[in-house]
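A, B and C label the chains in the order they appear, each numbered from 1.
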Amino acid sequence: MRFSKLMSVLVVAGLMLSTVAAGTLKGNVNYQGKTPKKKTLKMNADPVCGSSHKGKVFNESFIVDEKNNLANVMVWLKDVKYTGTVTETPAVIDQKGCLYTPHVQGIMKGQELLIKNSDATLHNIHSMAKTNKQFNFAMPKVVKEKKVSFAETEDPFYIKCDVHPWMKAWVGVFDHPYFAVTDANGNFSIEGIPAGTYDVIAWQEKFKMKKHLTASVTIGEGETVNNFTFIRESKKK
Amino acid sequence: MIELLGNLSEHLGLPVNASSHGHMLDQMNGWVHWLMIILFVGWGIFFILTLVKFGFLNKEKVDCEGVKSHAGTYGEYAVILFEAFLLVGFAVPLWSLVKTDLPDVTDETVEIRVVAQQFAWNIHYPGIDGKFGRTYATLVDEEVNPIGLDRSSPHGADDIVTLNQMHLPVNKQTIIYLSSKDVIHSFSLPEMRVKQDAIPGMSTPIFFTPIMTTDEFLLEIKGSAREGKGFEIACAQLCGNSHYRMRGFLTIDTEEEYNAWLDEEAELLEEEGDDDDW
Amino acid sequence: MSSQDHHEESFISKYIFSQDHKWIGIQYGITSLVFLLFGFTLMMVMRWQLAYPDTVIPFVGWMFEDGMLSPDMYNSFGAMHGTIMIFLGVVPMVVGAFGNYLVPLQIGAPDMAFPKLNMASYWTYLAGGVIMVYSFFVPGGAANSGWTSYPPLADIATTGQTIWLFGMVFLITSSLLGSMNIIVTIVQLRAEGLTWGRLPFFVWAQFVTSFLLVLAFPPLEAAGVLQLMDRLAGTSFFLPSGLVVGGEILNVSGGGSPLLWQHLFWFLAHPEVYVLILPAMGVVAEIIANNTRKPLWGYKSIVFASVWLGFMSFIVWAHHMFITGMGQGMSLFFQTTTMIISIPSVIILSALFITLWGGKIRFNTPMLFALAFLPMFGIGGLTGLPLGLAPTDIHLHDTYYVIGHFHYVVAPGTIFAIFAGIYFWFPKITGKKLNEGLGKIHFFFSLIFINGVFMPMFIQGLAGVSRRLADGGVSYAHAAGVLEWNEFMSMSAWLLGVAQIPFIINFFMTIFKKVDGVADPNPWQSTTIEWTDTTSPPLGHGNFEIAPVVHRGPYEYSVEGASEDFIPQTKK
């Protein structure tokens, strides 16, 4: 009995120690350049999609608020040696109103992705992964849930619906849990990072991997802040 | 006479016809079904008579020679003649009329492109200048530019592209240039009696003249099972897992309605512009 | 020690790797019956999805994700239903089983010309079948691009398509081996005195069929290999440039033609229709002559018509492709040949109808199936007319009208003929007749329900409902008026399944029935050699005690002055 008590104390102490030695990376992603016009989605292609929205629905590939904070930017650490477990709760992607929620998300290698269909119409979910095995299956309106997972790490790739071609969602697959996506205000936060120096990558779908941003950040205890700014060069004409 | 016999088609359960050529195809279908009915009923009567006479009544003698009359042979000649008549009288002229004699393009002709893809129909209108902009596979972006239209090409700026929504004016010659981005689809407008495979790598012209607006059609089908639902674009060739849902919508407008719709689309294009240069 | 005569064969060489045409025929027959049942079962599951789309399937639902047939699975089942029914069911049955078992016996030959080739043909077929069934278990399921496998869809489809192509290569090879064998056997091994004019029509039908197989299958085998290269080796025989799939440019060199596949495929697949129907006509002709107790009416003209049919079947293929964008010249040519090919079909069918006139018709089970074949094939043939004429095909192409048309040809057509043949030759194979009462129950219910399955398809087709829709047309407004037929057709299909139970019972009951004494070798009082010159079942390998010598034609029934009402072919 004593021995096991001792063990649990040790384990708890170890856990605390690891928490103490870990830090949080926070930041904001900003955009500089001409704000592109919003584009209406052609929801009348399927009456079920059209009727699930009141007003116009806009393309989600570039969402920026009036202060130029950029949403839906994925931020992650590069080359992390992670030995912990895979997150057990599945990541969720929902097909709702003929849009994917969330539009951008990270997932761990081996973690389950729960695909939901909240619409009363057929969706077909087609992953365009380059490294991982692609999948492509139909989800009639009665099929509400499917599960998939990814076996390889991969930079963000998209999943699309062939029935509603405007539907697109981005997924990045990582072998560690240190990734985040910016919220509507352009803020992100990655917690529990072991102390050390890392390359941090910020990615936005319009800038693609070709124009991603990298920063070298040293994480210590507590919060570290690192902001990113995506710059779009004006057209040379 | 031709029309009278062809009227059998009205009892075949065909969809309402809404194109200028449709009634001719229907009449031919009526004729062919006459031939089928006559042959089947003829065989049937002979068959039943024979079974009764030689199956149930005749228990004794067998007549090895069997049928001696030449009625059968004459019947066969009649069938051959009838088929030749269908071929020469209907099939050949109708095929030219419906599929191969592409009408001249005039100011009055409506020209559009339809680009099929898994699992949607992209409808490409040439815009105010009446000319199509160029398209490139490299420019395809499923979200905003599904047909890869080059907006900076000479005629591309004003082109209108819609998804699954096709509008056409009534009583105007329409030419559709049909193609596909990925696999073979088949563009079918049941009420227009139009069906054509959309084959990647090919652009196939199809032409017809709608003679009934959607409003008239909706009146016509009142009380039927499909009440309230207008014309459809159907995919008639297996194209993948969601083939059965590859449905588009066709609206036949009056000329004013059509122009108003085009203006509305053009305005939207103006508003949202294209500055997608990343 | 080697002994030429009557050495004891081991179990394996007698029953498994047998070289005896009779046993190979039985192997073919049993295997293809199993595949026919399997293919039909796939359809019964699909019919649930069509009648009650997106609901849980009873009984077998546990096998499927969510208990339902997903659209992907529906496409797989559809493609495999077609493939299995045609290439693993009907063709091996009519050519492999009937051809193998009966041709040598009917021409008085001790065996096929090449017994080892014959054995190889069966085992290649079985391998093809196993590969096809295996494909259900690969990721993505079995082939799902239709039994026609049109590229580019088939080129970019899941792994199942690759397996399908491998399977097809085996099946085609098997058919080629088998048909070469039948041709050589008929040419070389006919009994003395059995001239071409004295051949039973069934043998003629097998002869023409084998030529069709030999000449039509190689193009498909080539096409299959090309498609395999497209899928595995990165070629693009059937892929044009500039394909964009799922929004991404397909990484292939391009420059190919999707239509090339269709030409190669239909160059096989149209003769294939006659491969399915000619042997059936042969079976029906034998049974009708026997059960009317009179000669076939117009023997020469139907032999001539079947050769003509075989020849013409090679130049009608593009009538499957009218709406791919065909010019006037092409469409005129193929419409004309299609109209011409209807003439020999009408001749054969008319001759069979006319044969009935003046006979003394016996209504036994094989005869009932053979009689039902006539109007059923008639419907199948006639509904081919509006499809064979290009302008009327515009509305009907790829609708349920097409499905109804070719199923009338193959299901109540060929499959009824297969049943007629099984009931007719069962006593030849086992020495015991199948039970007549069960046989008639099997017949009448099959006849009713099979029409219940296929007749409404014409109604749906005329309304314009497309085939291969995983929800049976629910998505489309133009289908709304005829949708209610889906449930009716499905009910009919399941009842048709139930109607096969008497046959299955009959089949096993008769096999295991104990009969005393020697079987009557000729229970139908037939004239042809297989009944008159051997016991039932025939002796072991070798068939005949004494090589038969033929003195007369195949249908000498009711000859005046004869002691019985028939004179065997081998009687002087």
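Simple rule for what comes next: a contact is a pair of C-beta atoms (placed from the backbone, for glycine too) under 8 Å apart; a residue touches a chain by one contact, two chains touch by 3 or more.
This structure is a prediction, so every number in the text was calculated from the model and none was measured.
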Report task. Please categorise the chain-chain contact pattern as a line, ring, star, complete graph or other. Result -> complete
Query raised in the report: Between chain pairs A-C and B-C, which one is joined by a greater number of C-beta pairs in contact?
Result: B-C
Query - Length of the line joining the C-alpha centres of subunit A and subunit B, rounded to whole Å - result: 45
Report task. Take the average of all CA coordinates in subunit A, do the same for subunit C, and state the distance between these two points in whole angstrom. Result -> 55
Report task. Determine the centre-to-centre distance between subunit B and subunit C, using the mean Cα coordinates as centres, and give it in whole Å. Result -> 33
Query - Where subunit B touches two or more other chains at once, by residue number - result: 117-118, 142, 146, 240-242, 245
**Report entry** Where subunit C touches two or more other chains, by residue
**Finding:** 70-72, 246-247, 470-471
Requested in this report: Hunt down the residues of subunit A that sit against at least two other chains at once, touch-wise.
Outcome: 122, 136-138, 160, 162, 165
Query raised in the report: For subunit C, which residues are in contact with subunit B within the complex?
Result: 70-72, 75, 144-146, 150-153, 156, 240-247, 249-250, 254, 257-259, 292-295, 297, 323-328, 331-332, 335-336, 339, 342-343, 346-347, 349-350, 353-361, 363, 371, 374-375, 378-379, 382-383, 385-386, 389-392, 394-399, 459, 462-464, 466, 468-471, 473, 475-478, 480-483, 557-559, 565
Query - Contact set on subunit C toward subunit A in their complex - result: 53-55, 66, 68, 70-72, 246-248, 470-471
Query raised in the report: What residues of subunit A sit close enough to touch subunit C in their complex?
Result: 122, 126, 128, 136-138, 140-143, 160, 162, 165
Query raised in the report: Any idea which subunit B residues touch subunit C in the complex?
Result: 12-15, 24-26, 28-29, 32-33, 35-36, 39-40, 43-44, 46-47, 50-51, 54-55, 58-67, 72, 75-76, 79-80, 83-84, 86-87, 90-92, 94-96, 98-100, 117-118, 137-138, 140-142, 146, 148, 181-184, 186, 188, 190-191, 193-197, 199-202, 204, 224-226, 229-230, 232, 234-245, 247
Report task. State the interface residues of subunit A toward subunit B in the complex, per the touch definition above. Result -> 34, 36-40, 42, 44-46, 59, 61, 121-122, 124, 136-138, 160, 162-166, 168, 206-208, 232, 235
